[in-house]
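Two complexes are shown next, each including subunit A; its partner changes from subunit B in the first to subunit C in the second.
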Partner chain A sequence: MFYVSMFFQYASQYLKTRLTYRIDTVIEILSDLLFQAVNLIFILIVFDHTASLGGWNREEIIFIYGFFLVPYALFSSFFNIWDFNERYIVRGEMDRVLTRPVHSLFQIIMERMELESLFGVITGLVIMGYAATELGLTFAWYDVLIFISMVLGGAFIYAGIFISIATIGFWSDSRTDIMPMMYNIGNYGRYPVNIYHKVIRFVLTWILPFAFVGVYPAAYFLNREEWYGYAFLTPVMGIVFFSISYLLWNAGVKRYRGAGN
Partner chain B sequence: MNVIEVQNLRKEFKSYSSRSGLSGAFRDLFTRNYKTLAAVDDISLNIKQGEMVGYIGENGAGKSTTIKMLTGILTPTSGSIVVNGMNPHKQREEFVRTIGVVFGQRSQLWWDIAVQESFRLLKKVYRVSDEDYNRHMGHVIETLEIGPLLDKPVRKLSLGQRMRCELAAALIHNPPLLFLDEPTIGLDVLVKLKIRKFLKEINEQYKTTILLTTHDLTDIEALCERVVLLDEGKIIYDGKLNQLQSQAVEGKQVEFEFLTEIAKNNLVFLPNVQWEQKDATTWLAHVNGDERLVSQLISLVVQKNPIKNVRINEVSTEEIVRKIYEEGMALA
Partner chain C sequence: MSMYLEMIRVRFLMMLAYRTNYYSGILIYSINIGAYYFLWSAIYGNNEEIQGLSVLQMTTYVAVAWMARAFYFNNIDREIAAEIKDGKVAIEMIRPYNYLGMKTMQALGEGIFRLLFFSVPGMIIVALVFPISFSANLSTWLFFFVSLVFSFIVNTQINLLTGIMSFFLFNNTGLIRAKRVVIDLFSGLLLPISFYPLWAQTVMTYLPFQAISYIPSMIFTEGFVGKEIFNAVLLQAFWALILLIPIRLLWSLAKKQLIVQGG
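Here is the complex of A and B:
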C-alpha cells in the first residue's frame, strides 16, 4: 500500500516537472512515433519482396510488432535504467538513495520513470487493431485478461534483463557497451523465431528471452496453436527473470563501494 | 545511553594496480595484482545521546567511509556497528528512518522541482504526519530562514541557500541522530554561522546527537566538545577538544616588535625560551612553558628595550592538527 501511494507521489512530481518542460515532452513523443513509423515501414518494405516470412504474412508480422510496442512502452516508462552505472554509481547518487527508507530499486525506478513513453501503448493498440481487422481476428472477453498478463510478463522480462545488466555496475564501475547491444537484441523478438538459426532461437527463448516480448504471446492472439505452450509461459518467464534481477540487485547493493568525494 | 556503538570496525577496498607497458596490460588480462587497502582500520567508538562529535582527518583518512558504514550505505568488512539499537546495513530501511544525513557535496533534493515539493515528497517517504510536520518544520524553516526559498526550484538556489534547505530536508522526520559530512564546504562565513547556530539549537532542544565531519576546524571549535581524529583509517585521538590543544602544544609564541634594530645579544635569555629573527626590528620568542614564564619574559624584555608592539600567538586548532599530521603524536 505504501509503495502504491509512493508511486502516485512520484508520478505527480514527475508530471509537475514535465509540465515545466512541455516542448521537450512533445518532442520526445514525436521522436518515439517517428521511430515506430520507421520500424513499420521496414516491415512493409520487406514484404514488398516476399509474401511470407517463415510462414507468417505481412499483417501477422505487423500485429506482432504492435503487440511488442505495448510491453516495451511499459518497460521504457518504468525500467529504463540504462544510465544507472553512470548516474548512480559513478556520480554517487546511490549514496542518497540508500539513506532513504524505501527499497533502493523502487526509488530508482521511480526517479527514472518516463511516463511519456506510455504513449507507445496507444500506438501499439492502434497497430494491433489495424492488423486484427485485416486478418479478421476475433477475441473473447477473457482474451483481455490474457493480454494484460502477457503484456506484464513481457515488460517484466525486459525489466529483468536490463536491471540485471545494470547491477554489473555494483561489481565493476568501468563502462560497458552491453546496454546498446541489448536494445538491438531486443528487436529480434519482434520477428517469428522460426526464421532464425536454432542457436539464436534458443538464446531468444531461454537466455535473453526477448521472444516472449513479441512473437510468442502474439502467436496466441493470432491463433497459432503450435506456439501456445510458449505463449502461456510468458508471465512465468516474466516473474522468473524479474525475480532473478531483484536478487542480483540486493546482492549488488551489499557490494556497493560508494563513490569517492 | 550510547547512540552509536562501534567495535573493531574495518572496511577494506580491493584495488588492482596495473602493470606498465603493453605486455603488462596483456598480463593484467589474466592475473591481476590485487592490493587490499584498509580505508577504516579497526575502529572502536561510542557516542552518547546528545553529544556533538567532530570527526576530523585528512582527505582519505577514512572519514567518509566510516560515515557511510554508520549510515548503512556500505557494508563493513568486519567489526560490529550498532546505531540507534540497529544494524545499519542489515535493517537499512527501518534504520534510516531514525537518522538524518547531509552530504555537503551531494544534493538530497530534487533538482528540477521547488524546494517545498521535495519536502512534501520526503515527508511521504518518511511517513511523517501532517501535524508532526507542521509543528516541527515550521520552526526549522523559520530558524534557517528558508521560507522565501520554498517555491524556488533547487537549481536556482545559491550554494548557501541550497545547503540550508538540505539541512532542513534531513530533519523532516526529526531524527534523533544527524550525520553531517562536510556541511559547510564552500559556504561563506555568514551562512556558516547561521548553520552552526541552528545545529546548536536543535541539539539543545531535541537532544539530537550530531556527528560532523569537516575540513573547517572552526566548525568543530564552535560546535563540538569532543573530537575524534582519524589518520590512515585509525583513530589517533578521541577526547575533548581543549585537551587536544593543551596536549599538543608546547608553549606559546611571543612576537616583539622593537622601535629600533636589535642585535641578538641585547635580548633576554631565559631557559626554555628560543629566539628567532623575523625581520630587522621583529623577533619571535618560542616559549616552552606556562603563562608565568611568558609574562616574566615580556617584563624583562620591555625593561631592556623600547618596544612598539607585543603579540602573543595562540596556536589554532588548525595548526595543532597540521602539526599532528606532520609529526605524529603520541597520546596517552
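Here is the complex of A and C:
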C-alpha cells in the first residue's frame, strides 16, 4: 500500500516537471511516434522487395510489430534506466537513494519513469488492429486476458534484462556501450526466429529472450500453433528474468561502496 | 591548433582508461550484425540481388555501416545540452577557445579511439564469422576513408545543431531522440537509400543525412563505381560546407539568448 501511494506521489511530481517543459514533452511524444513509424517503414520497404519472410507475410510481421510495441511501451515508461551507471554510480546519486527507507530499485524506477511513453500502447493497438483486420483474425473473450498476461510477461522480460545490465555498474564503473546496442538486439525478437541461425535463436530465446517480447506471444494470436508452447512460456519467462534481475540488484547494492569521497 | 590537438589526445586517453568494457561491446555489435545478416538472407530468399546489391554486398554493407557508426557516432549534442542545463556552458564560453570547436575535437578523440579499438577489431571478428567482401582496390579504400571523415564532419555538425537548440528549448531530450531516429533511417544505416521508393529517394537527395552512412558504406561495398564515387564524396563535401551556415547563425543567436538556469 505504501508503495502504491509512493507511486502516485512520484507520478504527480513527474507530471509537474513535464508541464514545465511543455514543448519538450510534445517533441518527445512526437519523437516516439517517429521511432515507431521508422520501424514500420523498415518493414514496408523490406516487403517491397520480397513477398514473405521465412514463411510469414507482411501483415503478420506488422502484427508482431504492433504487439511488440505494447510491452515495450510499458517497459520504456517504467524501466528506462539505461543511464543508471552514469547517473547514479558515477555521480554518486546512489548514496542519496540508499539513505531513504524505500527499496532502492523502486526509487530509481520511479525517478526515471517516463509516462509519456505509454502512448506506445495506443500505437501498438492501432497497428495490431490494422493487421488483424487485414488478416481477418478473430479473437475469443479470454484472449484479452491472455494478451494482458503476455504483455506483462514481455515488459518484465525487458525490465529484467535492462536491470541486470544496469547492475554491472555495481561491479565495474567503466562506461559501457552495451545499453544502446541492447535496444537494437531487442528488435530482432520482432522477426520470426526461424530465419536465424541456431545460435542466435538460442540467444533470443533463453539468454536475451527478446523473442518473447514479439514473435512468440504474437504467434498465439496469429494462430501459428507450432509456436504455442513458447507463447505460453512468456509470463513464466517474465517472472524468471525479473526475479533474477531483482536478486542481482540486491547483491549489487550490498557490494556498493560509493564513488569518490 | 596545438590546443585542439591536445583535446583530441585527452579525450582519447580518457576513453583508453575505460577500455575493458569495449571488448564486450564488440561482442554485442557482432551479435547485432549477425542477426542482421540472417534477417537480410531471409529477405533475399531466392533473389540473386535487390537494387543492384547481392547478398554478399548487403552483408558487407550492414557490417561496415555499423562499424563506421562507431567512428562517427558521438553524444556531443547530449553533452552540450547537459552543460547548458548545469550552467557549465557559461564557464566554457569565457575560456580562450571556441566552444563548438572544442566539442568537435572531443568527439574526434572519441571517434578515433573507437575506430582503433572497436571498429577495426570488430570488423576482423565479423569477417571471420560472416561472409564479407573486402575490396582489393586501393582507391576504394582511399575514397572510403575520405568519405568516412566527411561522414564524421556532417554527423558532428548535425549534433552541434541539435545541441545548440537546447539554448532555445532548455530541455531537448526529445529533439535529440528524434534526431537519432531520423539519422538511423535517412542516413542509410538501416536500409540502403536505393531500397526506398523513388519519390523518397528524391526527397533524400535534398537532405544531408545520406552523407553520414549511405555514401561511405556504398563506397566500401563497391555499390558505387567510377564517377559515382567521386560525385558522392563531392556531395558530402558540399553538405559539410553548407551546414556551417546554420551553425554559425544559430550559435551567434544562442550566445545572445543565453540564460543560465539556476546557479
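The rule we apply is simple: the second predicted complex is superposed on the first by the 260 of 261 C-alpha atoms of A that agree within 3 Å, B and C clash if a C-alpha of one lies under 4 Å from a C-alpha of the other, contacts with A are read in each partner's own complex, and residues count from 1 in each chain.
Keep in mind that, in the parts below, a contact is a pair of C-beta atoms (placed from the backbone, for glycine too) under 8 Å apart; a residue touches a chain by one contact, two chains touch by 3 or more.
Only a predicted model underlies this, so the values are computations on that prediction, with no experimental measurement involved.
Asks: Check the residue A:Ile178 against both partner chains and state whether it touches subunit B (first), subunit C (second), both, or neither.
Replies: Only subunit C; A:Ile178 stays clear of subunit B.
Asks: Now for A:Glu93: first (subunit B), second (subunit C), both, or neither, which partner does it touch?
Replies: After superposition on chain A, A:Glu93 lies in contact with subunit B alone.
Asks: After superposition on the shared chain, which partner residues are touched by A:Ser5: those of subunit B (first), subunit C (second), both, or neither?
Replies: first
Asks: On subunit A, which partner touches more residues: subunit B or subunit C?
Replies: With both complexes superposed on chain A, more residues of subunit A are touched by C.
Asks: Scan A:Gln13 for contacts with subunit B and subunit C and give back first, second, both or neither.
Replies: The answer is first: A:Gln13 touches subunit B but not subunit C.
Asks: Which residues of subunit B touch subunit A in their complex?
Replies: Touch list, subunit B to subunit A: 13, 64-65, 68, 71-75, 89, 92-94, 96-97, 99, 101, 103, 105-108, 110, 112-113, 117, 121, 124-127, 181-182.
Asks: Note which residues of subunit A are touching subunit C in the complex, please.
Replies: 21, 23-32, 34-35, 38, 41-42, 45-46, 48-50, 52-54, 172, 174-178, 181-182, 184-185, 188, 191-192, 195-197, 200, 203-204
Asks: Give the list of subunit A residues in touch with subunit B in this complex.
Replies: 2, 5-6, 9-10, 13, 16-17, 20, 92-96, 98-103, 254-258, 260-261
Asks: State the interface residues of subunit C toward subunit A in the complex, per the touch definition above.
Replies: 17-22, 24-25, 28-29, 31-32, 34-35, 38-39, 41-45, 47, 50-51, 169-175, 177-178, 181-182, 184-185, 190-191, 195-197
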